Each structure stands twice: as structure tokens, then as C-alpha cells.
Amino acid sequence: MDKVIVSPSPHVHSPASTNRIMLDVVIALMPAIIVSILFYGWSELLVLAVSAVACVGLEWLIAKFLMKRPELFNGSSALVTGLLLAMNLPCSTPWWVVVIGAVVAIGIAKMSFGGLGQNIFNPAITARVFLLISFPVYMTSWAMPDGFIGSVDAVSGATPLGLIKEGLKSGSTIPEILSAHGLTASTILRDVGGSAGEISAIALLAGFCYLLIRKVVKPWIPLSILGTIALTAFIFHAIDPAHYTGIGFNLLTGGVLLGALFMATDYVTSPMSNWGGVIFGVGIGLIVMMIRYFGAYPEGMSFAILIMNCFVPLINRAFHQKKYGRA
Amino acid sequence: MSNTIIWTIVILTVLGLLLSLVLFWVARKFRVEEDPRIDEIEKTLPGANCGGCGFAGCRAFADSAVKAGNLDANYCPVGGNEVMKQVAAILGCEIKEAAPLVAVVRCNGSCANRPRTNEYDGARSCKVKAALYGGDTGCLYGCLGCGDCVAACQFGALSMDPATGLPVVDESKCTACGKCVAACPKRVIELRKKGPRGMRVYVSCINKEKGPAARKACSAACIGCGLCAKTCQHDAITVTDNVAYIDFEKCKLCRECEAVCPTGAIHGVGFPKELDKEAVKKRIAERKEVKNG
Amino acid sequence: MAKLTFSIGGIHPADSKIARERKIEVLPLPDRVYVSMFQHLGAMAKPVVAVGDTVKAGQIIAEPGGFISAYIHSPVSGTVRSIGPRKDLAGFMQMHIEIEVQGDEWAEGIDLTPELVTSIPEDRDFILDRIKMNGVVGLGGATFPTHVKLNPPPGKVAECLILNGAECEPFLTSDFRILLERTDEIVVGAAIMQKVLGGCPCVIGIEENKPEAIAAVRASVARLAYPGIRVEVLKKRYPQGGEKQLIDAVMHRQVKSGGLPIDVGAVVQNVATSLAVYEAVQKNKPLVTNVLTVTGDVLPAEKQHNYLFRIGVPLSFIAQYAGGVPEGAVKMVSGGPMMGKAIANLDATTVKGSSSILYLGKGTVRKAEGPCIRCGRCADACPMGLEPFLLKSLYKAGDLAALEENAAQDCIECGCCQYSCPSYIPLLDNIRMAKGQVMGVIRARNAKK
């Protein structure tokens, strides 16, 4: 022994590390990514690759040359942002729109706040909303499933949520709209056009279960979001089934699952305490349903998460851990 | 259509008027009468809010000065005599001029002088390190090298020298606010008189251990031999707890102590010429002969 | 029966009790021992011998320096060679008495026979006096003088004596070994403390990873048949052996912030303390020996040992006797890997509370600190329900009022937060400082009142 090392206790550390956590999230996203590639084919792969490379590359460039603090570069977290952004985009998105999205996610939403751990808003969601407002055409014309296992020709179409919104505006009822577009419960779940992250509920859930088992995330935020959506949909659907969609439809369409399982659970932009998480989730659920039922947009998951992101510091102030001996 | 526009204008105008009335009323009701001199003094002060004067910030300094009506308890080390004269002019009182001070690092424990005995692997904080153990050298008193003083300095006057592992004071930036003195858990840094044209002599060591132990830990330690105190013609040097200390009020900057110090623990800085140790030693020897003969 | 555990936080570090099968061996005597005057919580002890005095083992060589302080006895027979400052394991100067070992003669009145004495003295003051005069202190880590702890202030009644056999720190096996090898003595010690505390029930809590110890203690409790002693199995979870956590686990009560265990009717003593109490009361033997584990992840299993050592033997002597510092060790720790103190100076001496020499390899070198990703794992792990991420940033901001509001002073320094942090942030390093500052503020305020 040359020189003994001296440090304060503790002298051991758990195997956990930030990179390991990010790797777990990437693993958890894999089922949904694989399913989406199978469904949408090469174009989806391209979106994923461009987004991932752009996010990681931009983070490195910004940290190294703009902020001149290369230690702020965290490749694994940028990779997660890149994958999540790609899963929020239609596979028909042109590559340059994806790159703009990456600039917004990494450059504006993340690094301008000081890098990993400092951002207020979820980077991937911020980028998605930015693109949605700036390039509505690319962002709302969804490719119909046409991948390695599909057989239909590439068709652009609106999502079921969009179709229903349009239909309701023109005065039809939901059953009429559904039958007019040939949508049944099974087709909605099987052939829905949408972004990668919206295509397979089972794949998303499988990935999330992996995160739960690895204890990377806690279930309270997703449970409260989905519970709130289900409850709200149940009440409104029971009152007026002609104008309000039901529980299953609301839970399984759009970005609800991806948002609830992977976006709202982002450590940095969600509350720290369990009860804080529940409040956060209930807020997201209510806002989503308000936008869907009464708002101008067909879908509101991204807006809901961004709005609730603003409240996280307040929620963190209000909800603390239960302390020992201070009941 | 035009109806809507008119209504909008009317409502906004009325609303604006009403709210301005409310604002006016609130401003009147809750107005705080303040001595305008507080603002004036605050503007005169450097505005660093460093707390070097002992008050929470420049405003608190101004407030207490105005309340007291004199400057007996207030001295802004950052602004120095010049700023204080301006403040005194506002208050119409006298000030006690103070000699400008500067932060002095009293440690010689560079990597070369003070071998490392172990490796510290905790948080980069001198406070944490000092609370944990005696440090990564044989010296229990010297600089710990984690840079708490550098972090505490608001003026960018301190930096760690990677070659020595010790902090270096940039005299042109140091305002003698005393933040580093408070931040150092070992009290290595002292505020001393800057001296005429920046010339000053000080003992760059605070190791209280007995000579052999201190020397074993650091080759440039003060070993408390007392040679400097015996040599000094001005009674400026005292040795307590095996460390010499030079009183900067009494020191005449003759640099004799620096010449006789066997370990080189006494530093003279700011002098235009390098010290010719042999010449000074000769001078001292001659003086002794005169005395004895 | 249901296994007990505490209700907030906690972690599950790897057990690593490699030395658990190694029987306690008696460590030989070195040439010189150095007895520290600062082996307990509270005031430093004052030497009552002079250089050149001859002393016998078990003879008092220092007396308490205050109300919370303890007697210190010579662990060996020989001649006092010097009294003065010497570096402790952290490199700080402490007063030590250096004794040159000559033979092994014990002071009179000490019963060194191995026979078990089961009849407990009736007189409470006699028991307390024996505990005090024999220098017994808590051996669970804090080294609080035992006679003070066993003598609750008026108005406070002990409702439960909890004997702490959790030994939740990884690697350490000394408590496990004495539970196996000195079982009866520990149970008698418990009965003695019960007596002092007015006959309250006693729970001996042992973690589930020590089934042999649980069986042995259960058998001994049944055989000796003292009233009101029972064994409870605790879940394996760190910091199960923390005083406040153990009270929560066993009694389902929580000590208020700033309060003492006795406020909720609890008195917690370590099993090693119980053994020391037995020896002090039944055998009139002072606390001059203890059991220590030599272990570590870089030490081969066959070189790991549990030693019965004389308090005052230098750590370096033990390390040498056990085969020297192993290859690959980069850090040495006295105590467990979660709360133990790093040894900066192996020439330092053992003290009453010494429980191990732990050799750790490269894997324990800290990794570079990353940014906080706000995962909340530190808050989940904190057994006091604190928010370490918040406390750390409040400390960095120097906000003492907010630190107190967020209970920095409640930190028990268990290390769970820093252990769990995926970004390797030195949370506890900072919170320990914050706690010290807040405690200073609270003390100053209380002093004013």
C-alpha cells in the first residue's frame, strides 16, 4: 500500500449510477421501439437514428463549445431524450424537422437551464410541442402502419382522436364518426396511425414493468394520471356517450401511455415525494381530459405535462417526506 | 364590431384608472420615511455587499452609519480611506484612517516542502476535511488545499497554485473583506497591513508543534527557535506555542529576521531588491561585536 | 413470528460478513500500549498516575473529567512511560498514557474465572457503582457512559430495555461472535440492566441474517429463565441498529427531534455493552478488553479474524499480528463501511469502541461527482425522512434557518443518502457540516434561555 486513502463515511456505494439508470430507461423503451420499427419500417428507424444522434451530438457540442464546461455532457441522458423525442414524432417527419426538434430539446429546454438536472420542462415534450406549433402539417399527418409486418400502402391520415374532434365540431356524434371512418374497437388498437410511442400499449407497459422491477421509477405518477383519465372519462361517458369518448379509448389512444409511463416520470421534471407525484399525476390527467373534451386540440398530453412541470417546484415545497419523530 | 372595440377601450381605461388609484393609495399609506443620506451613502459604497465591514451588506452599513451619526463602528475595507472620506463628508463627521490591509496566506506547505502522507478522497471542502482528520500531511495546522478561501472570495483575488497546492492572493484584487479568513477552518489566512508600497514581512507558518515535529512535517515550518525574535531590534517578534509572529504595527521592514530564519519560514514580499542574506547576517554580527566589545 | 423493522427509509447493502465463522481468538500482548484519555463521549478523562508508576491490569489510571465521562483502567501490568499527546487514528493529537508491558498481573478483587454468575445483586446503587467504577461505556458506536444512560432522570421511566444485536453494518462480526460464544453472559448482563431500570421488559433484537445467534440466545433466555426477556428477529436492513430506528422497529415509537430515547420509555444498549456490564458487575472486571474484527473485501477469508484485544493495543500491532496490510488495500477503516472512520494513522491505538480494522480495495475509491438528477433516492433511503438533496443545497447556500426547518439536525449520519446517490454526490459530507452548524445555533439559543 503506497498512500492510504482517507475520506468521510460512508466508504461503500450502491451499484447505482446515473448512466445505469439511463441505460435502464433505454432498455425499457426497446420493446416499443422494436414494435414501431416493425410497423413503420425504415422511415421510423431514420427518425430514431437522426433524433438520437442529433441530441447526443448537440449536447456534446453545446457543453464543450458554447458553455465550455465539457463535464456537463451526459451522453446517456441525451440519448434517452433523443429516443423519447423520436417516439413522439410521426415516422414521416422529415429529418431536418427532427434536427430542429433536437435543437429545441437539448439546446433550449435542457442546456440553457444548465444541463442535466437543472431543466424545468421535459426536453422531449418541449420539442414536441414546439414542432407541433411550428410544423403542424408534419406533426399531425400520421402515416398509416406500413412497416415490415404491415401490408397497406403508405397513407397519411388523421389519428382517431383527430377524426373525432373534427367530427364533433361538424355536429356528428361519436358512434356516427366511428362508423363513418370504419373504426371499431379492434381497428383502433391495431391499426392506429400515430407516432412511434403511441403504437403499442403492451410494449410500453412491458418496458415500464422493467423499470418498476429495476426500481428506477415508482408507479404513483402513472397510476394517478391513468386513474384520473379513466375516472373523468367514465363520468363524462356515462352522462353523454354521444359526445364524450370512453375509458378505453382515452387510455389507449394518443400519447397518454407514452406520456404517463415515460415522460411524466422523468426525474428532473417531476416531484420528488410520492404524494407530490400523485398531485402531479392528477393534474396531468385533468388537463388532458379538459383539452380532449373541451379544447381546440384533439390531444393534450404534451401540454398537460408541460403545464404541470411548472408546478413541480411548488409541489416540492408543499409535499415533503414523512420525517421521523415529527408526526 | 366597432361596438366591441369601444367597449374594450372603455373597460381597459376605467380599469387602469381604478388600479392606479389603488396603487397611489397603497404608496401613500405604506410609505416609509427614510433618511435620504442612507441612499447617498449606499451609492458611495462599493456595492459588493461582501460583509467585510461586519454588516449584512452595503445598505445595512449605510443604515447603521446614519443612525449612529458617526463612523466609529463603521469602516469599509473594500472602499478604503477614500470612500470613507466621502461617506464622512455626507455625514459631516471625522473618520479614523486605517492602513490598507491585505490577505496573507501563512503556510509554506507546498507539495515540495510538506510531503503528503495520505490521500484525501472526500468532498472538496476544507471544512469537511478539517472536521474529518488531521489532513493529508504530517502538519496539523497548515493549509488543507481544498480552496474554501477561493470559493469564499467574491473579488476573484484568490486562486490555487497547482504547483504548490496553496492559495495565492492577487493583491490588486484583494479588498481585505475578510471572507477568506472566516472560510479557512485552520485560520491560515490573516489580514495584515499592506505596508508601504506593498512591502511587508511575515511568518508564513502557524505550526504550533515543537521544532523537530514541525520540521519533520514540513521543511519550511517555523520551528519556534526564536532566532528572529532575538535578532529583531524593534521588539516586533514574539514566539508563542513554538510559532513566531511579527507584529505589523512594530515591524520596520529591516528584513533581518528573514535573513536569520533557518527554515525560510519568514517571508518578505513587495521589496524592490532581493534580500542579500549574507550581507544582513554580516551586519548583525558586526552589531553584536560592537555591543560586546 | 413477524420480523420487525423500522418504518422510514433504509437500504440493503451487501452483507459481506466474511469473518462470521471465525472464533474469537485472544490477541497476545504487545511491548507497549497507549491508552487514550478520550475513549468515550463527553469530557476527557484525567490521568491519576504519573510517569514511572507501576500499574496492574484493571487498575484505574484515569478518572472522569466531568459528569458525562468515564473511568479508564490500565489494560496491562507494567510501568507508565509517558503521559502526553499522541496522534489518534484521524491524526489529531489526544492525551495518551503509554505503558510498557511487564508480565500480566491483574489488580486485586477482579474475578478472572470463567464461571457464570447468575445471581443478580439486589442493590441498584451497587450495580450502578460497579458499572461506573469499571468504566463501562456503550460499545455500539457512540461510547456514551453506560451508568449515565442506565440512570434515567427523575420523572422518566424505562418501559423497555432494547438489547441491540442487529449489527447491521456490513463486514462486522464481533457482535455476532460474542452472541454465539458469550451468550449466557450477555443474557445475564441484560437481566442486570433490567434490574437497574426497575424491572422493565427486555427485547433482544437480532437481524435475520444471524440465525445461529438467534437460536443460541433464545435457548439461553429459556435456560436462564429471567422474567421478561424475549428475542425478536429483525429484518436485514441498514440502519436497523441505529438507536432511533431500533426503537421504532421494536416499540413502534419514534423519539422526537432533539429528544432522548428515555422520553418514549426506551433504553437501548448494545450486546457488547451487556457483556461489559456482566463482567463489571458480576466479576468486578473493568472494561479493558473488547472484541474486534479484522476483515475487508481485499483480505482473504482465511486471514480474517475476530480478536479479543486489550484496549490500548496499537492498531498496527493487530494488523501485523493478523498478517499485515493485505495486497490491494487502499483504505483502512475502524468500524463498519457505512459509519466507520477512515484510519489515517495506523500507529493509533485501539479504544473502548474499536470494533474492526476493515481493509477496502480500489472499489471504494469515490467516483467523480455528477449533477443531481433529482431522482429522490437519497430521500427514499433516509431513515429519518429527511431530504438530503435539499439539505445539501441549503448548506451550500448557507441558509441555516432553512436547514433547521428541514431538520438537518436530525441527521444520524448513517450514510444511506450518499450510498444511494447515482450521481456520487457527497451528500453526507456536506450534511454533516450543516448538522454541526445547526446544532451550534440551537445550543447557542438554548444557552440564552
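Lettered A, B and C in written order, each chain numbered from 1.
As a convention for this text, contacts are C-beta pairs under 8 Å (C-beta built on N, C-alpha and C of every residue); 3 or more make two chains touch, one makes a residue touch a chain.
It should be emphasised that the depicted structure is a prediction, and the values quoted were computed from it without experimental measurement.
Novice: Mind having a look at which chain is the central one, using mean CA positions?
Specialist: Of all chains shown, the one whose C-alpha centroid lies nearest the global centroid is C.
Novice: With respect to inter-chain C-beta contacts, which pair, A-B or A-C, contains the greater number?
Specialist: The greater number of contacts lies at A-C.
Novice: Can you compute the centre-to-centre distance for chain B and chain C, using the mean CA position of each chain? Integer Å is fine.
Specialist: 43
Novice: Where the CA atoms of chain A average out and where those of chain B average out, how many Å apart are those spots?
Specialist: Their C-alpha centroids are separated by 53 Å.
Novice: Averaging only over C-alpha atoms, locate the centres of chain A and chain C and give their separation in whole Å.
Specialist: Taking the mean C-alpha position of each chain, the two centres sit 50 Å apart.
Novice: Do you know which chain C residues sit against two or more other chains?
Specialist: 331, 342, 344, 365-366, 426, 429, 432
Novice: Multi-chain contacts only, two chains or more: what residues does chain A have there?
Specialist: In chain A, residues 4-8 touch at least two other chains, as defined above.
Novice: Please list all residues of chain B that touch 2 or more other chains.
Specialist: In chain B, residues 117-118, 121-123, 128, 132-133 touch at least two other chains, as defined above.
Novice: Once bound in the complex, which stretches of chain C touch chain A?
Specialist: It comes out as residues 8, 11, 13-14, 170, 244, 248, 254-257, 259, 325, 329-333, 335, 337-344, 346, 358, 360, 364-367, 370-377, 379, 382-387, 389, 406-407, 410, 413, 415, 418-424, 426, 428-429, 432.
Novice: So in the complex, the part of chain A that touches chain C is made up of which residues?
Specialist: For this pair, the touching residues of chain A are 1, 4-14, 16-18, 20-21, 72, 74, 77, 115-118, 267-268, 272-273, 320-327.
Novice: In the complex, go through chain C and note every residue touching chain B.
Specialist: Touching chain B: residues 87, 90-93, 331, 342, 344-345, 365-366, 426, 429-430, 432-433, 436 of chain C.
Novice: Could you list, by residue number, the parts of chain B that touch chain A in their complex?
Specialist: 116-123, 128, 132-133, 136
Novice: Mind pulling up the chain A residues that touch chain B in the complex?
Specialist: The touching residues are 3-8.
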